[in-house]
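One chain, subunit A, appears in both complexes that follow, with subunit B as partner in the first and subunit C in the second.
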Partner chain A sequence: MVKFIAEYQVLIFALVKILIMLGFFLNLAPVLVFVERRQAALIQDRVGPNRAVVKVPGFLLKGALATPALLAGVAVAALCFKFFPANPPETGVGRGFWMAELATLVLWSHALVLAGYVRVSGDAANPLEAALRDMRDPRWIFYTGGFLHLALGVLYGASSPANEAEVSKAFALGGPAALAGVLLLVAAYLGYRIPSGTVELRAAGLLHSIADALKFAFKEDFVPPKADKLLHSLGPLISLFPALVTYAIIPFGDALCFGTTNGALDVTKLAETASTVGACAEGQQAVSLQIADLNIGVLYLFAMGGTGIIGAALAGWSSDNKWSLLGGLRAASQMVSYEVAMGLSLVGAFMVYGTPRLGEMVRWQAENTWGIFVQPLAFFLFFAAAIAEQKRTPFDAPEGESEIIAGYFVEYSSFKFAMFYTGEYIELVTSSALLVTIFLGGWTMPFLHRDAVHVAFGDTVLLHSQMSHLVATLLGVGIFFGKVLSMSFFQIFLRWTLPRFRYDQIMAFGWKFMLPAVIANIVLTGLLVLGASSAGPSVASGLRLAADATGFIVIGASAFLAVKFARLLLSPVERARFTSSGVAARVGRVGRTPETPMQA
Partner chain B sequence: MGNGIIGKPIPRPSRDAKVQAYLPSVVAGIGVTVKHFFKNTKELAFGQRNDPVLEAFDDGVTTISYPEQKRPYPERFRGVHRLTLREDGNPRCVACLCCSTACPAQCIHIVAGEYADADKKGWEKYPVSFVIDELRCIFCGYCVEACPCDAIRMDTGQHAVPYDSRDQFIYERETLMSFSDPSGRQLTENPKDDPARGHTPDRLKH
Partner chain C sequence: MEPLDQDLDESELELPAEPMQLKMGPAHPAMHGTVRMMLEVSGETIVKCDVQVGYLHRAFEKMCERGTWGQVFPYVDRLNYVSPMLNNNAFAMAVEKMLGIKPTERCEYYRVVLGELARICDHLTCNGAMAMELGAFTPFLWFIKARDMVWDIFEEETGARLTHSFGRIGGMAKPPTKRFKEHVRAAVAGVLALVKEGEALLLSNRIFIDRLDGVGVMTPELASAYGWTGPCLRSTGVAYDVRKAHPYSVYDRFDFDVPVGTTGDNYDRFMVRLEELRQSARIVAQALEQMPDDGPVMVEDARVTLPPKDEVYKTIEGTIQHFKIVMEGVKVPAGECYSYTEAGNGELGFYLVSDGSGTPYRVRIRPPCFIITSALHHLIEGGMIADIVPTFGSMNMIGGECDH
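Right after this comes the complex of A and B.
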């Protein structure tokens, strides 16, 4: 087995990476369909899709929800006390501190969820739940949690040399124990609280996407009688193709460094700490978390993305339908127009980063600052062009439901329609991933370095905490996928906010505004890059300070949004009752609009 | 004649620099949608959403999730018929055929019979079969008006549920007797017209 892995490890790594990316992108497509419907409903004050229901036996649900917590608890306990024990305690104090913070977070967030549940449903199963239900203001759970976080931080930071040994020991042993204990407690409580009978699982409407996918698979595949059979079938294939191949060049994490045996990469020798210069230290080999690290980089993306036009145009032409022909024409002209602006908008980024490779672009951003701060104009131009390329609102004239029904895919049914549909959402994810990689720092966050959390402004170090190579890399992967999710979420918000441009407005915007703007951006960037590279060291150190400041801006903005979100979640609701009609008076007498079980 | 249509005056949107620049308005619009989304999501998730009837005019989701949630009918709503019962569980109906005569849709069919035992006042009739075709019924309420004994009422507060086949809409005597008013009463509040008590209804007295 080990020999087999050693022999084919390049292939195995490639397959694993393809599986990760394919899993992420393909699963995100139905999730985004769900998100889009949910947003549409809730923005318009509707309930939205919530009818699809699966009846699950309680024990299955118990297993599905409690097992991960159980496994995580056991894993924490096993890893910290059996395999990587903190001996002497000084080595594990940082780890213990973060685990204690995590345990606190899990504890108060679960308490808050439980309090919310019992306060809504009203049925408390034990005195604890009754206390949660009857407490005056559940916001105190949140405040207490925040206080505990702070108290732990103060305890950790203020350990004097006199009591340092005790504090180290307490954190090194107490942290993992607390985290494992809390996770096991959560698992046990889930097992205890989820009802044993049949549970109706609605997953907030997520099942509708799955039902739709199933429905597509079983629908009749109708081809118009006078359509070109071959081209009609090729259309969705060519349309889906670029969406599925472009993610091959998107790096989803930092390179993993492995030691070598006899000059060959050895998977059992994962590096303890990462080198801060270059990809890996001497004598180590890197496995980049990117399916294909092409030297033409982002140009491959434009080459592949360009083929999408053919799919839409073919579909529109071959369907033998005037609406679809109009849609196909619109799609072709729009995508060709915006392809130009999209390509040129990245030239400035090439100049600043000095490379077309996406991985190296992210490394530049990790060392300096996010791309959006050095190329703000290019960010917006690329964003607009990317939306136009995906044919999404406000650039959705090729589909234009109110004018030409569904545009180029009006004559498609069954799974061919699903391919267009899925392709659109995968393109959405791809463009989000590209925006994140080129402009929003990819897998990096400010102050999160390859070896440590290192908060500094100029030469003043504010916080420094070491991390192991594996933790840092996994954190990076999580950050990348999280950023892509948020970006996709934001793009869907755009769809529900902006009305559609008229066709001539789209063309005018593309050729008369976007193109001059991207060319101006290139000239401006060229001048600035030349100026910055020929200026003295004082300018260089000033730029470095500015780069550090952008890190604080990002963290500050994130913290601001997080606090705002928490305030929204915890804000109480006060409403005016309107009981002038007879029906409302009847309802008011009962207390609320009655709920009845479904009939017939 | 010819006042024209008087509508609500709506101010034209201003075309100042902020609107014409597009991007500031886009940001403001995204702010509106994001706020709506998160507020409504939070209220749905935390069970704080509006009561669709009592708080129908407030901001937020006011959808009635039919059929789990139902807007109650007004108190005088004419729903599915029920046959009211006497205290001994027999129908109050004396099979006088007033209702079936009054029925404009001719959806009531009654076969009359006589109580055999003397305790039940041998002269009194009762419906051997009492059938209402709920598909033909136009829910006019004439049968209720016509009944001298308050034996048929339409105060169940329910409408006929959609069924799979037509014969399920034919409500037999036992079905009609099984219904109750919204508070669960199968008798009627009106004791004086109870034929079993030996009263002669006032309007039949000469």
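Right after this comes the complex of A and C.
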């Protein structure tokens, strides 16, 4: 077995990486579909489509939800009792602190979920739940959680030399104990609260998009009688293909370093700490978390993305429908035009990063600053061009449902339509991932280094906490997927708010504005890069400080946005109650629309 | 066989190109399900456009001739179904004109308030739907949310959210509810706040402005020649509003402005509707101030007013009066009249002919949409396919009214 793994490990690693990415992208597509539908449901005070139900026996659900929490709690408790006495205080404090923070996070987030549940269902099983149900604004749970996080940080950071020993001891003991306690509490509460009978699992409506996808597979596949059968079937295939293959070059995490046995990589020897220079230390081998680390890098993306045009054009032409012909023409001309701007908008980034490889771009950003700060114009230009390439609002003239009905895929039904649809959403995720990788720091966050959390401005160190290699890498993967998710949500918000361009306006915008702008960006970047590289060390150290400052900007802005978003999500649903009878007043009294059997 | 290359000069040897025939509608999403446009397009440019209406024809005028005068109200609800209250008022006024009766003071104000609320609904729907058809869904949701607040008022007052059938010959079906003024004030304030939000999203958006500005231009001369009225006419710069030009009901007692546009393009139509909505809010506020708090909303006239139920059950006069009005209808004196009011889309006229019986001899409607739609091709020809959407959207063509 070991021999087999050793022999085929490159292949196995590739397969695992493909599965991770495919899983992420294919899961995100239904989530995004759900988000879109949720927007439509906003006005009706409902959570969006949530009719799809899986009936699960209560004990299975209990097992599936409570067991991981139970096991994690037991594991933390065991670890803490086994290792605590021998733990040296220096690392013990750091770990204890993060565990205390994690315990706080788990506590308030679960309290929020519970509050959300009892506020919607209305049945409280105990006085605590009744209190959660009747509280006026559930956002207070969120605020309290945030306050606790800050308080812990202050407590940890502000320990004076006199009482440092006590504080560190308290954290080293209290942190793991708190985390274990909270996890066990969550497990126990889940066991107590999930009913024993059959439970209708709706997963907040997420199952609905999956049910819809299944439905597509069973619908009649209608092909217009005079359509070109072969090309008509080929259209969606060619459309979906580039969407699925482009994510091969997107790195979703930092390289993992393994030790070697007899010069070959050994999966059992994962490095303890990562080296801070280069990918891996001497004598170690790196496994980059990227399906294919091509040396042409982002050029592969343009090559593959370009083939999507053919799919749309073929679909439009072969459908034997004047509307889809118009749509196909629009799609072809628009995508060809914006391909130019999209490619050129990244030339500036190549010059700054000095490489077309995405992994190295991220490393450059980790060492210096996020790409959006060195290439702000290119960020917006690339963003616009990427939206145009995906044919989404405001550039959705090729499908413009109110103008040419659905454009090039008007004659598609069943799974062929689903392929276009999925392709569009996967492209959305891909483009978000690209934006994140090239301009928003990929898997990195400011102050999060490969070996430690290290907050510093110039030479002043504000916070330093060691991390193991595995934790740092996993954190990076989580950060990358989180960023992609936020970026995708942002794109959906855009789609719902912006009206669409007219066809000739799209062309004018592409050729008369985007193209000159990207060329100007190239010239400007060239001059600046030349200037910065030939300037003296004082300029270099100034730039260094500026880069550190951007780190604080990023952290501040993301915290601000996260709080804003949480406030929005958690705002209590309350309809204006200015009439004394009628539906609005009933809704005001009950707090939600009356339920009917037909309600979706 | 004649030789193919006979009489052909160089230029004609290119590929033959002729305009593509495109049938847009009636099932096309931008056509609201009720219109068909036969387009001749050259590329994306429209060479020729033929607007064909009639897909929602329900023989409204003929249907009116089979019931009593009072039974026409449910039909007029379904003319411009976005602002049914204005149609109710218009028809009630027309019959009252023939009967020579004047509604009570309180009823006049009640009609004005409900009518102006309906106008707000109308403009909200039109502007919101236009933005939605251009792809901006969020502003549409906000406008519709605002409309829902007004509908809550209508539900409170009339019991129905959409088709109220609330008008009666000689007054209104019910007096205002106790907290009517309070509710309306709260709702209008809420509506204006929502409109401000939605408007900010659209008017600060360059894409939206680019789609509307200079598209679908109408000249004041041509508009007047076709007989356009309402917001569409005012957008060309002609300040004709029936409420100002020929004040009816109690409109002469209010202080309000008639917004006009300058170029008559889509942007002007959008802005005129937005401003009219605010003027309607002004009228509502003034009307609520002046409206008496008590008094009847039906005239005390045994010919047209149903007696109280108590009298119907206990007195023979009441029973007979009730029977005559319900079974035979209100006896309208023989003659004819044309009564016109400012509805959501412009001048809504009713030309009524009575033969002295309780049934209308002829009900002819002058729907503002029909006349506006008849000039639609002028606005579309020469533009692009995508321009049809905002242009047609800003016309606010309502099938129920147009296909009378």
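Everything that follows uses one rule, which is that the second predicted complex is superposed on the first by the 471 of 600 C-alpha atoms of A that agree within 3 Å, B and C clash if a C-alpha of one lies under 4 Å from a C-alpha of the other, contacts with A are read in each partner's own complex, and residues count from 1 in each chain.
Keep in mind that, in the parts below, a contact is a pair of C-beta atoms (placed from the backbone, for glycine too) under 8 Å apart; a residue touches a chain by one contact, two chains touch by 3 or more.
Everything numeric in this text was worked out from a predicted model, so none of it was measured.
Of the two partner chains placed around the shared chain by superposition, neither subunit B nor subunit C is touched by A:189. In the superposed pair of complexes, A:504 makes contact with subunit C only, with no contact to subunit B.
When both complexes are overlaid on chain A, the residue A:24 reaches neither subunit B nor subunit C.
In the superposition on chain A, A:496 makes contact with both subunit B and subunit C. Within the superposed three-chain model, A:393 lies in touch with subunit C and out of touch with subunit B [touch as defined at top]. Shared-chain residue A:565: touches subunit B; no touch with subunit C. Once chain A of one complex is fitted onto chain A of the other, the partner contacts of A:552 are absent, as it touches neither subunit B nor subunit C.
Residues 39, 42-43, 496-498, 576, 578-579, 582-584 of subunit A lie in contact with subunit B in one complex and with subunit C in the other. Residues of subunit C that touch subunit A in their complex: 20, 22, 28-30, 44, 131-139, 141, 144-145, 148-149, 152-153, 155-156, 161, 177, 179, 182-183, 186-187, 190, 201-202, 205, 207-208, 210-211, 384-389.
Subunit A makes touch with subunit B in their complex at residues 38-39, 42-43, 45-47, 50, 116, 119-121, 380, 493-494, 496-498, 565, 568-569, 573, 575-579, 582-584, 586-588, 590, 592-600.
On the subunit B side of its complex with subunit A, the touching residues are 23, 26, 29-30, 32-34, 36-48, 50-65, 67-75, 161-163. Looking at the complex, you find that subunit A touches subunit C at residues 39-40, 42-43, 322, 326, 393-394, 396-397, 400-405, 496-505, 576, 578-585.
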